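Pasting the structures here.
You will see two complexes here that share subunit A, one where it goes with subunit B and one where it goes with subunit C.
Coming up: the complex of A and B.
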């Protein structure tokens, strides 16, 4: 019943390749977070602006991002846009798909965080002669980031794990893509995927720990 | 000079200011007293344009506060306001709280802004606390920091909206002392307060607000010693 022989050596010899893939994974995750955060800040402003069209645009994006599978979002970025003659490479499509997803979730995080900041903060800024945007940028936004920091860390971990969906659009240079390729060549499925899983786990833990240290430095108040 | 002419203001069906006429001269200290809901705090937020008004007009040094053509942010640099809730910016140190607006609004350099901030912080007795975060300050200290923050913009007018109401009784004194010092320096001030003996001490004039109307205004001796208005008399007999 159980006659599978483990060949860890073969898999471990490929560790450098896997770690190279891990760097690509981390790169996509970080970029997708940065892009997602910038978009989410704009969406937060759109929602506060009171402009119906900007608000509707932000809300539609957020609704789709949060209520459809991330896999479909990445598929759409690659094959869906392809139907309209917009051809994104697997890398770009994966990045776009995850950034799209991140923007949706982060917008909701920011919206929740804003509720924790009293209106009087912005009012105090305005009464010192600041414009609405200045008081948002200098007073409200930094506090919003603090409240939203933990959910942002969660989203970052989620982004790292989502990159593995890239294999479905032909992504071959990230950790999942390389694992898949090595597996196809060797059929050491369990070993390769087990090692890759451990690497994902370690990256996620390092990111979480790093975020905690960063928070301790940034939010001393 | 602040000129308030026939100002009316409603929140939905509730009319909180029912035609206020009032002029505050340069260097004058005016205190506004009255029950809650009398419109006194609303009047302050109308003066610096945080609240729109329905009719009438408010002029600060001849500038129409609520006119579309007015650069309200520029005008607000002239009018400092301190609120009942201290509204310290929690993510900034005391010094950063005070330098933020001079640097970002007045585009001052860091060194110049810090010099002014330190002077103001020393003035309110917080020089030692410049590098701590507001969460480490007592309520009274936070409120004095808010005063220093407003003063760092070198305003010509200061508005104080019940600045001691949220403080523990033993902390009220230190804030009142700061206000007294400002009054002695010749700052033009409008104070909304429930501290009657303080109002009697520092004011040039005292206005009594009742249900959105300025029921009586006069020197403190008159308002506290010989009120002409029945409502004023009743209010004062209740608070004392």
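Coming up: the complex of A and C.
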């Protein structure tokens, strides 16, 4: 009827390769989340510090990260930085782009979470003799992570989905990249990308479920 | 001074790309919102168990990268010989993608209307349609609007991915100019500025509405 024969066998035979790519995808997502979280914690500090310049720096980063496409940010890291003589590999450009994006969104998550923590908490810390930084690190930050945990899980899933954009800057070792390479060799577009979609779906579900189990264990009162 | 080979006609080319971005976003958000409202009402109305298949299908659109969805959609329309233009394919996929998120927003907003209010309406003699139209819709719209604005901006940004299907939208237009003029940083900055100008004011409006309409403070 359709003049098209599905060749699932050929696609399924490349499953080990695709799964290897899935590991790279997960690796980039985790790395970008870690980098993004570190930057976001610093931005939270910058915003709380009341220093005008630090605050302006954090706010402009966050607004650019949230108001331009992730693909644009990856392009900027890959093509744009070349003007400064910095030539990033596709892997580094992808990682930099996603980490930049994550930092912006995570800062907003942290800011929202901070609203749920009363000022009295850090004041109590201060009156116990802690420095400002100690009371942030020991009292406020753990509570902030607890409140922001669910949005952070969502951001992690976003990071996994964003890694697929690497293929547009020539990334060839992650799941999308390998799928595209195999597709270019065999022209079995639908089969390969359907399998990739299933793998992405399973990864996203595992991450969501794992985070929920982790939250149930960690945040027990 | 600053020296560039960028001409006015190149800027027009970028503007045309931005127009394409807006066209795809407009169509997708309109269709997606309509579908999202329908799916959302269905999900609330028939309950979580019967709507499980719908929930599952919509969840797929939120758990698979949009780029993969676009490639799959394009391959699929080629297999069943629809003969769609890339524009149609992009709009169909982006609409379903929008609908998947919009369903969640609509469902959450309808659930947030207090059941007592709805029961009061029903006991005053309003039928289901009137209850939905006069009681639920105005209350739910207030709750849904800030997230819906966020979704619209998300689709505006995600629409950049349709360049993979060969659509010449804003980002692809700047890429073409980069290939010709070899000034990646400058052109990308203009491209980013256009996205920012389109997105930032609406994002601010959404934030303002959220603050003003939030029920608790």
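Convention: the second predicted complex is superposed on the first by the 220 of 221 C-alpha atoms of A that agree within 3 Å, B and C clash if a C-alpha of one lies under 4 Å from a C-alpha of the other, contacts with A are read in each partner's own complex, and residues count from 1 in each chain.
We adopt the following convention: contacts are C-beta pairs under 8 Å (C-beta built on N, C-alpha and C of every residue); 3 or more make two chains touch, one makes a residue touch a chain.
Quick caveat: nothing in here was measured; it's all calculated off a predicted structure.
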{"item": "Touched partner set for A:164, first subunit B, second subunit C, both or neither", "value": "second"}
{"item": "Touching partner for A:176 - first (subunit B), second (subunit C), both, neither", "value": "second"}
{"item": "First (subunit B), second (subunit C), both or neither touched by A:121", "value": "first"}
{"item": "First (subunit B), second (subunit C), both or neither touched by A:80", "value": "second"}
{"item": "Partner touching more residues of subunit A, whether subunit B or subunit C", "value": "C"}
{"item": "Partner chain in contact with A:138 - subunit B first, subunit C second, else both or neither", "value": "first"}
{"item": "Shared subunit A surface residues [contacts with subunit B and with subunit C]", "value": "none"}
{"item": "Residue ranges of subunit A touching subunit B (in the complex, touch as defined)", "value": "118, 120-121, 123-131, 134, 138-139, 142-143, 146, 219-221"}
{"item": "Residues of subunit C that touch subunit A when the two form their complex", "value": "60, 63-69, 71-72, 74-76, 79-81, 153, 157-158, 160-161, 163-164, 171, 175, 178, 183-186, 188-189, 191-192, 195-196, 199-200, 203"}
{"item": "Footprint of subunit A on subunit B - complex, ascending", "value": "48, 50, 73-74, 76-77, 80-81, 83, 85, 87, 89-92, 100-101, 104-106, 133-135, 146, 149-150, 153"}
{"item": "Of all residues in subunit A, those that touch subunit C in their complex", "value": "2-4, 63-64, 66-72, 75-76, 79-80, 82-84, 157, 161-165, 167-168, 176, 179, 189-190, 193-194, 196-197, 200-201, 204-205"}
